[in-house]
Each structure stands twice: as structure tokens, then as C-alpha cells.
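Structure, as C-alpha cells:
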Amino acid sequence: MAKIDVSIETDEQPVPPPKHPNTCPVCHSHYRDDELEQSLWVCAHCGHHFTMRARARIDSLVDPGSFVEESADLHSEDPLGFFDLRPYVERLAEAEMSTGLADAMVTGQAAIEGRGCELAVMDFSFMGGSMGSVVGEKFSRACDSAAEHGMPLVTVTGSGGARMQEGILALMQLPKTVCAVEDLRDAGQAMISVMAHPTTGGVLASFATLGDVLLAEPGALMSFAGPRVVESITREKLPDGFGRAEQNLRFGHVDAIVPRPELRTTLSRLLRLFDAPE
Amino acid sequence: MAKIDVSIETDEQPVPPPKHPNTCPVCHSHYRDDELEQSLWVCAHCGHHFTMRARARIDSLVDPGSFVEESADLHSEDPLGFFDLRPYVERLAEAEMSTGLADAMVTGQAAIEGRGCELAVMDFSFMGGSMGSVVGEKFSRACDSAAEHGMPLVTVTGSGGARMQEGILALMQLPKTVCAVEDLRDAGQAMISVMAHPTTGGVLASFATLGDVLLAEPGALMSFAGPRVVESITREKLPDGFGRAEQNLRFGHVDAIVPRPELRTTLSRLLRLFDAPE
Amino acid sequence: MPPSEHELRLRERLGRLRNMPLLGGAKLSGELDRLQRQLDRIRQQPTDEDIWRSVQLARHEERPYTLDYVERILDDWFELHGDRGSADDGAMVCGLGKLDGRTVALVGQQKGRDIQERTSRRFGMPNPEGYRKAIRVMELANTHGFPVISLVDTPGAYPGVAAEQHGQGGAIASSQAAMARLTVPTVACVIGEGGSGGAIAIALADRVLMLEHAIYSVISPEGCALILWRDAGEAKKAAAAFKPDAAHCLELGVIDGIVPEPEGGAHTDPDAAARLLTEALRDALDDLVDVPGEELRRRRAKFRSLGVFA
Amino acid sequence: MPPSEHELRLRERLGRLRNMPLLGGAKLSGELDRLQRQLDRIRQQPTDEDIWRSVQLARHEERPYTLDYVERILDDWFELHGDRGSADDGAMVCGLGKLDGRTVALVGQQKGRDIQERTSRRFGMPNPEGYRKAIRVMELANTHGFPVISLVDTPGAYPGVAAEQHGQGGAIASSQAAMARLTVPTVACVIGEGGSGGAIAIALADRVLMLEHAIYSVISPEGCALILWRDAGEAKKAAAAFKPDAAHCLELGVIDGIVPEPEGGAHTDPDAAARLLTEALRDALDDLVDVPGEELRRRRAKFRSLGVFA
């Protein structure tokens, strides 16, 4: 019998840290912390987009002081008593310590250039931006909040996929977030999805691709299966730029690639077009 | 300036008659009239499907005596006073004489194995099955009749496309028939489309492809542009079987290819599935 | 001067319209006014020379294309790309923008200006992926209640091998079907060439307009000549026979109005042409925006009435 | 014997259900009965060995596949082919048939029985075109009021280069979204492997069932082992950790019921397995067919309630 094993979730791990986190992995330029912050974590030399933390992302997009966080107190539980090399609860605690976040998504209301919107921003630093029950619940509530306040929802994703430590319940966050988007749409509100590197697996296969407008950051990996999975299972040679934002644009899967410095104005324009409240 | 002229309607003409119309163009077997009629105009040797006239098609599908023709008295007019090598009115008169039909479509109510349906059957022998105002109107009325009587609509198409002698009004038969199908669908009735050789141009690009179920006869050409147009404009080499039913199945455009002797039972099964009235 | 046959037919149509319950009585007077104005403009049956001039102007290499109008007509333009299936077709441009402060979706074929763009946009001949992009964007507009504007400018759908393999016929049919289902106001305008199925795919609208020198036809003059006379050189004769000019389309009830162009054609003054188009689009939308969605589906009745038979 | 922790959790779920306004009171008693019967069947928490046995049975090479059930369950089966875009994906089977005289649409992944069929059906791993075919057929069913049955049996969506280029992620999301919008009754049953996104794409249903030895998981045991232990050989350990068996899925509220298999697994008696499945599908549909379409969209509330957090 032909044997085939498929790991559907990507095994995309956080990119192995370069010698120094402030060194560009593409052109090896090195920056001071304040330089990177100043440039929105975009390499001034080659344009490489470094991973951006959720709170920094929010600060870079919204009108000063306008962000009101929601559901900040939601924490993951451990429904399966999951233990691999270490207990899931230990991994969670460590992620919380190192990121200062309760889980991999931050949600809340904000204004962008004077227009109100709901924000749902993922943080790849928290367990690879994996989606478990808390991410699903926060996203779901963000949809309801957007509907209730009559505002569009803006999402920024960065995720390796579903959080396998929560087993089948992690998979259920796919239909859960899909249903939340459909409820949002029935309420007449728009969703604008910004996909940062990487947006893969279960997040790509659920809410991230269901926005009315899909934006991507330059170079972002946006594939359902990770490149290594594709290569090892199908033995196909991967084309250059496989799964990257630019290929996704070419193949019709995103509306635009927006360099980070232009994201705020782009979102502002889209909020005007979707008649977000002033 | 790069110059490009596109004839969008296919220039598919009736296939040049073989030495004798009863000779199979594929394997050159020759049949008597009664043999062909007996075999539903399918070559007993190689399976080639000869073009089938509308009335013979209807006889082969419906319960004996069940067909009640509608709109038989509709005739084309000549809105443009169209004259090419000969006047359009002369071409019409000749077609009427040679086919015994008023135009290229026959419509009416019938029963197939005891289930009621509305039929709209094209006749390629009438000016290449081209769609002008009369075909559009008859199809449109057939949709209303199906809706009114609570029956599915079964169409059988064979057409080179829009009838250019009616100019822009011929093009308007595309949206006209599309709107009729949408009204039929809103009325809750199904449409089953059977595409015979050839179903091309404006008929393919309007009602024929909008059926709930799309069937094709073996070997039927089903392309928007005719092979010669594609070849001459794009200079692309045509793959084997270009535009044929088998390629359309492979590329996902039809549900099934149904050999003519099986068509009646297939339609009967589909009428049961769509709960056509007994 | 006695009224021409052409004028008589227009008058007859005007008479019919006065007795037709079209989109509610309140809207009808605007429709009549518009037609009366058209009638005042066009008193003369176009000659064969006039028709051929329109064929040439409609294809003039400096004629404004869809994006030339977009930049002059819409604020906050945001182009939407891709069919969410397998391609982004440059021959079809889709996006959102503001017209007089109102968000609209716009779809339209786009020809190319230089050789490179002409190739990448396939001379404005969409692949099925282009029509699927348009369907997607029109349905997005429907979800959010945005009116849809389509600008038609294509020699026809692209007749390529891959286009056929990817379902060109079905895509054109589906696009029309999608437009027949929309519950938002829709206005189509043929701005250059309205070539056959490739054009009607995005022109099943509540209001269909044509620029003065645009053409709208079931087949190209060259294609018609090739089939009927076996000689593409007889294109002028073919055009005279099937009459693709705006005046004849209006007379046959195929379009609802003609948008005037600057003297000498739209390319002589694109800004002025855009202003005239804006005005026509604004008028049409003003008539339509308050019509309930279900009533807008009566556009089907209009298209179902087209044709001449006995 | 004191009640196991597993039994306690099921009882707790039963208690919660009794207080939940689910699809109207009349329907709830059926739901409770079903759960009570499940509870009676499964008194024991499955051991790691039990779980591994299900993993093996779910993938058994003689296990009945979708078409094996179709031919035993449905009359007048008519398979529908193609996504109307660019392909017909053999890994996804769609069609219409009669269940107890009632027309239903059925969609399901299809593995292959011999080497050739396995290759052509990609071991039941659909491409985006397969999901688009399923969407098309589910929407057809919705138009005509036919209930939708989905049979889930896939190691996962196909992880190929073309699959990614054609939008695998978006297709899986769109298929779920389409199911969330349906206004006809929907029943999904995992009959073999319910592998991750490739499975949930067609499992967003009003009722979700699993065969007794089916598995349903976010990742394959081998994939999980490879990532967490860097060793695919630790699959058994991984399965024990993430518990893809039916009993655990029921306990977590992910599925609504377990369909018993013949002793030794479905492959030992496909006819009997099909009879048990028919009965379960019939029960589910009987509960659902009279529920108004708008109310069926409450399936969204069910999925939105899934997850565990503090």
C-alpha cells in the first residue's frame, strides 16, 4: 500500500534568529533599536519587512490614544492536558512572560485618521502566532464588536496555523472564525485583512482570506502548507518566491501588496470607501 | 500600432457535407436512412454522433404523443434590412423551406418517462442554429412556461452562435436568455442543459452554460471562439480535441458526457431528482 | 426638413415609453426627458460614412481608456486585483472609488497604451479570469450596497486556448447572470469598442449608455466581412450593414442614452469627455439610487423585451 | 464501577444541553436522546491503545470510502463533475441522489482503491478545484432546497505547488463560508480520516457525526510527531496526546454523535456499516428538514461556542 502522511498545518517555525535580531536576514544591514522602530521595522537598505509586534503595529496604525483594548484578560486553558517535550501550560506561561501578551492576538476599538474601526492584530512572537481557543474567541468577539458599533473590522495576521496543542479544538477555530465573519457580513460591516509574514495554515484557511479586501505585506509567506511540507510530500521543485505575497498577487489571491509605511494611508482610504464612521 | 481584429462569434459553418450525408465523416461507414434513424444518428461502427434534427430529437426523448409545441408561429423579421451577398429575408425563407421550421428552435411541453418538463431544442440545420430574436424569444417564453407549470426546463443546443444578420439585437439575445434563466431559477425550477455539436459562441456564452446540470454529447464542440479563430488570432497550436466535450469535462465545464442512446434515461433520472411533476 | 425615418423611429419609441410602467412613474419623466434630449441632438440618420468614422474613432489609439476615465471621475480609487482562483487579468480593471462622495464599484476592460501594456492587457480582451474578477467585485458591491459602474471597451473576449480551457463561454454567461441578480443600481457605458459577448458580459445594467462615437456590435466589422464576403477588407461595407453606431443602438432600444463627446472625438479633450461622462453617470445614478433592490431586478424585463419578430 | 471522568464530562454536556435553546424546543429532545444513547454506549474513556486502533482502522486499506457508501445509501445517484473553472478534481466527489425518496446533495472526499485510482484521486486530498466543486454543488442544493450530506475522509488538503498557486487556503475558507450561509439542512459525517483544514472545509454542518473508528484532528499523528519530537515514528505517542478519536471529539462538543460500526470495523461488513450510517443520516435529517432556513443558520452559534479558555 502506498503510504502517505500529510501534516496539513505548516511546520513553519519562527525563523531561526539571525546573529542579532536587528540584523536584516536579506542584506545583513544592522540597525539600532530606535532606527528599526523609526522605520517601522523595514530595512532601510533592501526593504525587507521584519516581523512586527502586535502593539507596535497598532501604534503605527491608529490615531494616538484612540485604541481601547478588549478581551485582554482571556487566557488559554489546556483541554487535552497536552504534553509533548514539555507541558502546554508551561509553553503558554513562557510565551506570556516573553511577550507580555495573554495570547497571540490583540483586539480593540480604534480610529485611523479619524475613522472608527475594530482591530484584530496577531503577534507571531506568541507561540508562532498559532490559533487556539483564545485567538478564535477574541477574533469572534471582535467581529461582534465591529457589528455592534457599526464599524469595519481590520485584521493583521501573522501565524503558522492552528495551535496543535489544543488538538481538535484548535481546528474548530477555523469554522468558528469563519462563522464570525459571516455574522459580521450579515450585519453589513466590511472586513479588511492585512496579511503579514507568515500567514499560513489554519489562519489563511479561515478568516484571513475572507476579508472584503485582502492586503499583503511585501514578501509575506501566504501558503496553506509550508514550503517544506510541499517539497517533502510532493517532491515537487518549488518555484522562486513560492507562496510569497508577490506570487499570491500574480495568482489572483490578494488585492494589493502594501509596503508597511503606506499601510496607514491605505487603510484610511479603505475605511472612507467602506463608510466607516467619523 | 499593433493591429488586432477579433471576430468573437465563431465562424463555425455547417460542416461541409461529406460525399453523402449518411456517410460517417470519421470512419466512412455508410448507412441507409432507416438505419441511421434506428440508431438515433449514431454511427454503429465508431460511435460518431451525427447532427440530429430538432423534431427527431424530441421524438427520441419524449413519451409518445406527449409533446405540445408552443410559439410555433414566431418568425424572424429583418430589423436592419440586412444584405450581404443576399438579403437576410431570402436566407430566412430558404432556411424555412429546407428545414420546415420557422426558426432554429422548437419549444413546447412534454413528458419524459412520465415526468413533465418544458423542452427547448435547437436545430443546427436552420442557419447553423444561429440565435436571433426568435430563438431568444422562444427560449424566454419556454422559461416562463416551465415556471408557470412548475416543471424543469430541458434544453438541447446546437448553434454556431449569434445570428449576425440581426446585428446588435442578436447580441442582446445573450442577456435576454440569461435574464429568462434567472427568472426561472427564482421561480424555483431547474434547468438541464444538453449540449450537442456544436454549441459555440453566443449560445455557449448565455443560457446553455447556465443549467443546473450540464450534459454534453460525445465529441461536441463547445468553445466560445471557433478553433479557426483561435488559431488565426493567437497563432497558438491547438491541442488535440480542442474545445470538444471530452476536454470540457476534463477542465470542469460539464457534469457528464452522455451518449445519445442513454440521454432519455439520464434526463428521466434528473427529472426525478429535481422532483418534476408526474 | 421633414422628419427622417430615424427620427420617426425614435419618436415611436418615445411614445411607447410614455405608456410603459418603467421603474415607477416618478423615474419615468427623467427617462423621457433624456430621450427627448437625445432626439433633439440626433435628427439625422447616420450615413455609412458617419458609421465608419465612429468605428475609427472608437478604436483611435489615443482614445481615452477605462483608467483614463477612472482617474478623472473617481476619488479615492482603490484597484482590486485577482479572481481568487488563479490569476489577475490586466485586461479587466476593477476597483472602488467615490463618485460625488458616493462609493461605487467600477469594472471595465482596459486596453494598453504602449506596446508592453497592450500585450500585458491583451488589447482589452479579457480571459475568463477577468470576468470572474468582475463578478467577484460586483458581488462585493452588492453586499455593501455600492452601485456598480461598468465601462465597456473591448474588441471581444480573448480567443485563446487557455481561455477556452478555463471556460470563456461559461464565464461570460455567469457574469451576465451575476448582473441580473444584483440588487444595487448598475450603469454601463460603452466608451470605445463594445465587442460582442466580451462586452455584454459586463453590460447587463439598469442603464446602458454609449459614448457618441463608441460602437457596440455582435461581431467586429472585419470578422463579419471575413465570414460574409470572405474578405476582411470589406469591413466598411460590413459596418454599414450591421450598424454598430450609437444612434442605431438607441433606435433599436438597445441603449438608453448617448453621452456626447467633445467635437472631433473623446481623444481630442479627455478632460472634457470625462466631465460629460461624469454628468451622464451622475444623472443615471441619481435616478436609480432610491429604487428598492427588488425593483431593480426589473432590468431583466427590459432585456427580455429586446428583439424583433412577428 | 464509579463513573469515569469521561462519563462525567459527557453528563455535564448533557446537562448544559438541557438548558440550551437549540434549534427550538421540539428538536432538543431528539438531541438529548441521541446524547443519552451515546452515553450509554461509551462508558469508558478510550485508552491510548484504543485511540491507536482507531487511527489504524480509520486508515485501513479496505475501509469503505465515500463512493462505497453512496452506492449503498442513495438511489438515482448522479455524479456532478467540475468546478466550472478549470478542473474536475477526482479527490472530491459530488452529486445528487435520493435518500428515502428525498433528493439530497452529497459531497465527500474520495480515496482510491487501487494504485491507479489512488494516484488520480490523490489519496483523497483535494485541490482547491475540488473544494470549489463542492461549493458549487452545495449552492445548487441550496437553490433547490436539497439537504446537503458531506462525508469526510481525507488525510488533508493536497499540499502541492499548483494547489497553493490556485488558492488552497482561500478555497478551504470559502467552502466553510458557503456552508455557514446555507439555508438547507446539512449533515456531515467523518467516515475515515478527518484531516485538518481539508476536512473542516466540508464539515461546517448542522449535525456533525463520526463513525466509531473515524479520527478527526488538527494534524496527522505523524505530522505532529515530526514537529514536536522531530520523529514521525512517535505517531502513536502524538495520537495519544491530541486524542483524535470519536469519543474525545464528542466529549469536547466538537461532534454531535457517534455512528456505531460493525464489530471489528466498517471494512468487515460494509453493508452493515452503510445501514448504520443511513440510519444516523436519516435521524439527523428528520430532525432538521422542518427547521426554517434562517433558523438553520444558527449552526454558526454552535461553532462559535467551540473552544476552551478562561
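Order of writing sets the chain letters: A, B, C and D. Residues in each chain are counted from 1.
The rule we apply is simple: a contact is a pair of C-beta atoms (placed from the backbone, for glycine too) under 8 Å apart; a residue touches a chain by one contact, two chains touch by 3 or more.
As the structure is a prediction and not an experimental result, all values here were calculated from the model.
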On the document's contact criterion, could you list the chains that touch subunit B and likewise touch subunit D?
C
Reaching subunit B from subunit A through chains that touch each other, fewest steps:
2
Can you name the chain that lies farthest from subunit D, using the mean of each chain's Cα atoms as its centre?
C
When contacts are scored as defined above, which chain pair ends up with more C-beta pairs, A-C or B-C?
B-C
Could you give the separation in Å between the centres of subunit A and subunit C, each centre being the mean of its C-alpha atoms?
41
Report the inter-chain centroid distance for subunit A and subunit D in whole angstrom, where each centroid is the mean of the CA atoms.
28
Once you find the CA centre of subunit C and the CA centre of subunit D, what distance in Å lies between them?
47
Residue list for subunit D, restricted to those that touch at least two other chains
84-86, 165-167, 170, 174
Touching two or more other chains - residue numbers and ranges from subunit A
251-253
Touching pairs of chains in this structure are A-C, A-D, B-C, B-D, C-D
Within their complex, state which residues of subunit C touch subunit A.
76, 78-88, 96-98, 103, 129, 133, 140, 143-145
Counting only contacts in the complex, subunit C reaches subunit B at residues 61, 115, 118, 123, 125, 155-157, 159-161, 163-170, 172-174, 176-177, 180-181, 195-201, 203-204, 216-220, 222-224, 226-229, 232, 238, 241-244, 248-249, 252, 254, 299-301, 303-304, 306-310
Which residues of subunit B touch subunit D in the complex?
185, 188, 190, 212-213, 249-256, 266, 269-270, 272-275
Which part of subunit A faces subunit D closely enough to touch in the complex?
1-2, 4-9, 11, 74-77, 79-80, 82-85, 132-134, 136-137, 140, 162, 164-176, 178-183, 200-202, 204-210, 222-225, 229-230, 233-234, 236, 238-239, 242-243, 247, 251-253
Looking at the complex, which residues from subunit D come into contact with subunit C?
84-86, 128, 132, 165-167, 170, 174
